[in-house]
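Pasting the structures in now, so scroll down.
What follows is a pair of complexes built around subunit A, which joins subunit B in one and subunit C in the other.
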Partner chain A sequence: MDMKRSYYEDIQLLDSGTKKFWFGSLIIILLIIPFLIPGYYLHEVSYISINIIVAIGLNILVGYTGQVSLGHAGFFAIGAYAATLLVKHLPFFPFIFALIIAGLIAAAFGFILGLPSLRLEGPYLAIATLGFGMAIIQILGRFSVFGGRMGLSVPDIGFLNDLLYDSGLFTKTQSRDVNLYYIIMSITIIMALMARNLMKTRIGRAFIAIRDSDIAANSMGINLTKYKTLSFAVSAFYTGLAGGLYAFWMGFINPDSFDFILSILFLAMVVVGGLGSNIGPVLGAIIISFLNLNLQADSISAIPLLGDLLTVITENWMNKGGIASVSIIIFGLILIFIVLFEPLGLFGFWIRIKKYWKTWPF
Partner chain B sequence: MQIMSNFLEIRNLTIWFGGLSAVDDVSFDVKEGMIFSIIGPNGAGKTTLFNLISGIYQPKKGSVTFLGKRIDGLQPHQICKLGIARTFQNIELFSRMTVMDNIMLGRHNHMKTGLIGGAFMWGKGSSAAREEILNRMAAEKIIEFLELQSVRNYFVGDLPYGKQKLIELARALALEPRLLLLDEPSAGMNNEEKQDLVFWIKDIQKEFNITIIMIEHDMKMVMDISDRLMAINFGQKLTEGLPDEVAGHREVMKAYLGEDDIAQP
Partner chain C sequence: MIFFQLVIDGLSIGSLYALLALAMVIIYKTSEVPNFAQGEMAMVTTFVSYHLMEYYGFTFPVSFLGSLIFAAMLAVFFEFFFLRRAKEPNILNFIIITLGFERMLYGLAAWKWGADQRLYPSSFDPLPISSSDTFNFGIISVSHISLIIMSVAFVLIGGLVIFFKFTRLGIAMKATQQNLLASRINGIRTNRIMSFTWGLSAMVGAIAGMLFVPGTATPLDSNLMLAPLIKGFAAAVLGGMTTMIGPIGGGFILGIIEKFFGFYISSEFETTVSFTIIVLVLWFRPSGLFGRHYIRKV
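Moving on to the complex of A and B:
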């Protein structure tokens, strides 16, 4: 029986005391965060968390299966609209089912988009998926059920709102943020663990095998058609479900929120984080969402000294967009530096930090 | 009417690339349980023959019949499921997977865990975990058989060439095939490793009851373990028979040594 245990250790999630300690601590910190930080930041954390789900899903496709997608904003949009329409028209439908169905609808589209991936490789697949993402927003913008260009307002999903408010700890608006935070964070943790399990078992192994050598995978009995489309579908499920959460988080959606720049941001999260690792996409999503939220014109001009200097420079030498153009340049530079100095992405930094701390605090 | 069909029957197999016939009207039979070797100079069409049998290429003419069933025209994964496994001359491993995971991939079709089952692998009692453990035990047996314990958890890409060749063999064995196609298994191995390999291949034939077709340049090894031998050149079959017959065949010596060297004695 002792022999058997050692095989389970190969696939066990928390295989050491150190890992159990850190995982437990993380959960506790995530639980008490709403009591520690102001509402606005909590709202930001929820947004980052949504992006983590997308990055995990996209990493399954890009990092583990070795297929590229520049159309994930399309799945995100499909999920957002599907979830919104479901809770709007079926008010008694539990939001969690709406999210799952939103994910499944996105997965169905993912499956269809996956079909050309059998014939298209690399840049050709990138263009096909890009076209998909752009077509989706065109379609959403043209039909009145989808609210056209004006978009749709999204009903509040309530759930813990009243409970939180009645506790007397939070105001009405805070209760809404805290409620969303708990919902989004729990779903993120569950989705992350499921992805991790998936990649440790039969299907995930087949995905990785296809990435490393599709000819060998095929000769070892893996049906490439089935598994490539499956990977697209799983990836789209994650993204669609995250899209549903985004709709609830945002309270309002329109086609412009899902343009192809968003697809590129998603891809950047996975690449900057480190392709084909579990922790990489999480780190990538955190840093890219954080920069995206905080590298805004006003936060840059607020930097002491440098902010004023940059404002003067942009006003004199660049277009009237002024400081906003600098923020995009800085964003790009940060990405270049990360990829240049750490080819494994943030995952590489993570490994080094982990080596440094080894088994701390034990 | 044919009563007894062979284990593997190749008839008039032909493929060409552009103007070049890589395999030209080749026919042969392989009986169950034997080690059948294929020799021939570089570019003779040996690997192409394997690619035709395993479904990577589709023949332009001819047929491949395995256990009485036509398999030409099938996809590689379908042929694999019928019980034919192969290794690759130019190593096609999953280089960023560990040795264990490479071998576990070979277990793919012996397992059932799907998307949902995999995602819900919560704890040791879950069906996914139980299936993983069982199959890891099967993989471990192969690891022990080929003495790969020391590299079990290494990434395959980090290992030396000779070891990688062995992992190709291990992965193919994990499929539990009935027919195993080995494309130059000893390439890149030193003498000591080759001796181990000979020993293992004989074991695979005898203990695991796996029929083997082997492409190999090392004539000593070929003569040592083959039950039957076929020589090809320029895509065409030169001759086939017992190892000694084939090795002494005039056409074969010509193909290997060149016309002039033969003519003198």
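Moving on to the complex of A and C:
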């Protein structure tokens, strides 16, 4: 049933009718979402969508090429600042080109960071990427072009704003959110399809070969220099582009929002979702960024049963205002338990469920 | 002479980096786990010693020893319940597990002690030390506390070198790292060795933490150990994570570079410069300055 008869069948993007159907329905649902859910949640969906782009990009590097990176917040920051400065200083420059250029600048940095990866592995590469991320923040915080520690305000990209407002369906603030939502979501879908396509090409197969064994890949004629740096560059392009979108979404950027913790968050999305799969990082990004947005102090004490217990513990033994930190503990526990019990992440769960029902009742 | 003063200051801060780096290398040597939770383990331990002194009225030596025991127990707990249970022990999974533990400890400390900054007691009753006194050797001055840091670091480093070279346990640890299966066949209880390694490493890291806070007059908060952890890690990588001399040398070099760069050029780019140097060094010597590069056999 799953047999493929030609190479062209293998490289098809949507290879079965079922997939085409679900993909089409997904697009339709995403198109009508702004009419169904209120403004604030739409804002959140846009944020999640930005993180999906980062997770997909990071997955190309970590999941498919097998290189560790703890510095993706650096690329994210580069993208955000590049896009902001371009739009700010060249007002008539279309934002979409600004985003692409921001992605390319990040990709150039990715290429440079990819060079040490040719010789480093394991903790050595981790510390090199980590250092890159921290150095970027320090440099951005220092120069006044980048707004220093105070940060920069980002001009609004009013692409469809007026159109949406004139249609009479949305208020002024709503139409800003809806506009951003459509821009971010369409870019996310394009980037996701591109990533899926990339993995079906010669380049994608080279990445996977490097992950499985770089020595074997090298002896089969895969140019390690080319493909490792390319993987870093592609991953950085995704992250930089997402960084640009984040700047437009946030409306304000400063160096502190791109710290080391953000890099861990990105890595967590990929790991929780499932390394080396297409759907995994998307699921991971959705869950992690949803928790990140919604797990605040009051929502923790509102969790049924557990919330009351945590409140009592906090009042008796802990610091009064400290209950918000429980979310950090939960985040850490998720990371540990995913690796301990399901190294393939949510994608692994999905595979198991699928297998179970395929052979049910056996 | 400002030169010698900077060297002394660099050695003082460098010995703290060296201790943290050493703590990480002890673990990495035995189990190949890059321990990103090292800093937070030290941070929580420092908070525990602060808590013992501030709320239970113990003296400094008692709380010091008490929190060392706590550190060892914490690390053994982590190793036993989390790390040993990993299904697929590869480097990425280890990084994720230790990062998760790092977040857990960070959250726990922020939950227990809050976000407000606290001051670690500056007098070490009943020991006759105060963090404000200095010795003056003619032109250079050294504070008591940094002298203590350096001597503790030197004694500890010396002790550990001897331990790994001459004791049965130390040699068993090295054997476990080199070939797990062979050492198990030869009668080494490798699981027990792992627990012991983690306990030892946590104690070394905790000592570094408890010296770092009064030594640099840093106020206590849960972000306390992030910068030192990264410097310590960088020192370990700079020197090479497979040798004993690596982290020590790396720590001192990093400390001195940092002080000199901070004095002569600018203290703002300290981190950037030290990381640039590290990346350059690694480019030419991928296993660190002192490490021997092993070519993997296929």
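As a working rule, the second predicted complex is superposed on the first by the 335 of 362 C-alpha atoms of A that agree within 3 Å, B and C clash if a C-alpha of one lies under 4 Å from a C-alpha of the other, contacts with A are read in each partner's own complex, and residues count from 1 in each chain.
The working rule: contacts are C-beta pairs under 8 Å (C-beta built on N, C-alpha and C of every residue); 3 or more make two chains touch, one makes a residue touch a chain.
Everything numeric here is computed off the predicted structure, so don't read it as measured data.
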Using the touch definition from the top, say if A:Ile215 reaches subunit B (first), subunit C (second), both or neither. both
In the superposed arrangement, does A:Ile127 touch subunit B (first), subunit C (second), both or neither? second
Name the contact category of A:Leu224: first (subunit B only), second (subunit C only), both, or neither. first
Could you tell me if A:Arg205 is touching subunit B, subunit C, both of them or neither one (first, second, both, neither)? first
Quick one: is A:Leu90 in contact with subunit B, with subunit C, with both, or with neither? Answer first, second, both or neither. neither
Per-residue touch tally on subunit A - higher for subunit B or for subunit C: C
Of all the subunit A residues, which ones make contact with subunit B and with subunit C? 213, 215-216
Per the touch rule, the subunit C residues reaching subunit A in their complex are 28, 32, 34, 82, 85-88, 91-93, 95-97, 99-108, 110-115, 226, 230, 233-234, 237, 241, 268-269, 271-272, 274-276, 278-279, 282-283, 286-288, 296, 298
Touching residues (chain side subunit B, partner subunit A) in the complex: 54-56, 75-77, 80-81, 85-86, 88, 92-97, 100-101, 104-106, 108-109, 111-115, 117-122, 124, 128-129, 131-133, 136-137, 140, 171, 175
Would you mind writing out the residues of subunit A in touch with subunit C in their complex? 62, 68, 70, 115-116, 119-124, 126-128, 130-132, 134-135, 138-139, 142, 213, 215-216, 260, 264, 267-268, 271, 275, 314, 317-323, 325-336, 338-341, 343
Contact residues on subunit A for subunit B in the complex? 3-4, 7-8, 10-12, 194-195, 197-198, 200-206, 208-209, 211-213, 215-224, 230, 234, 276
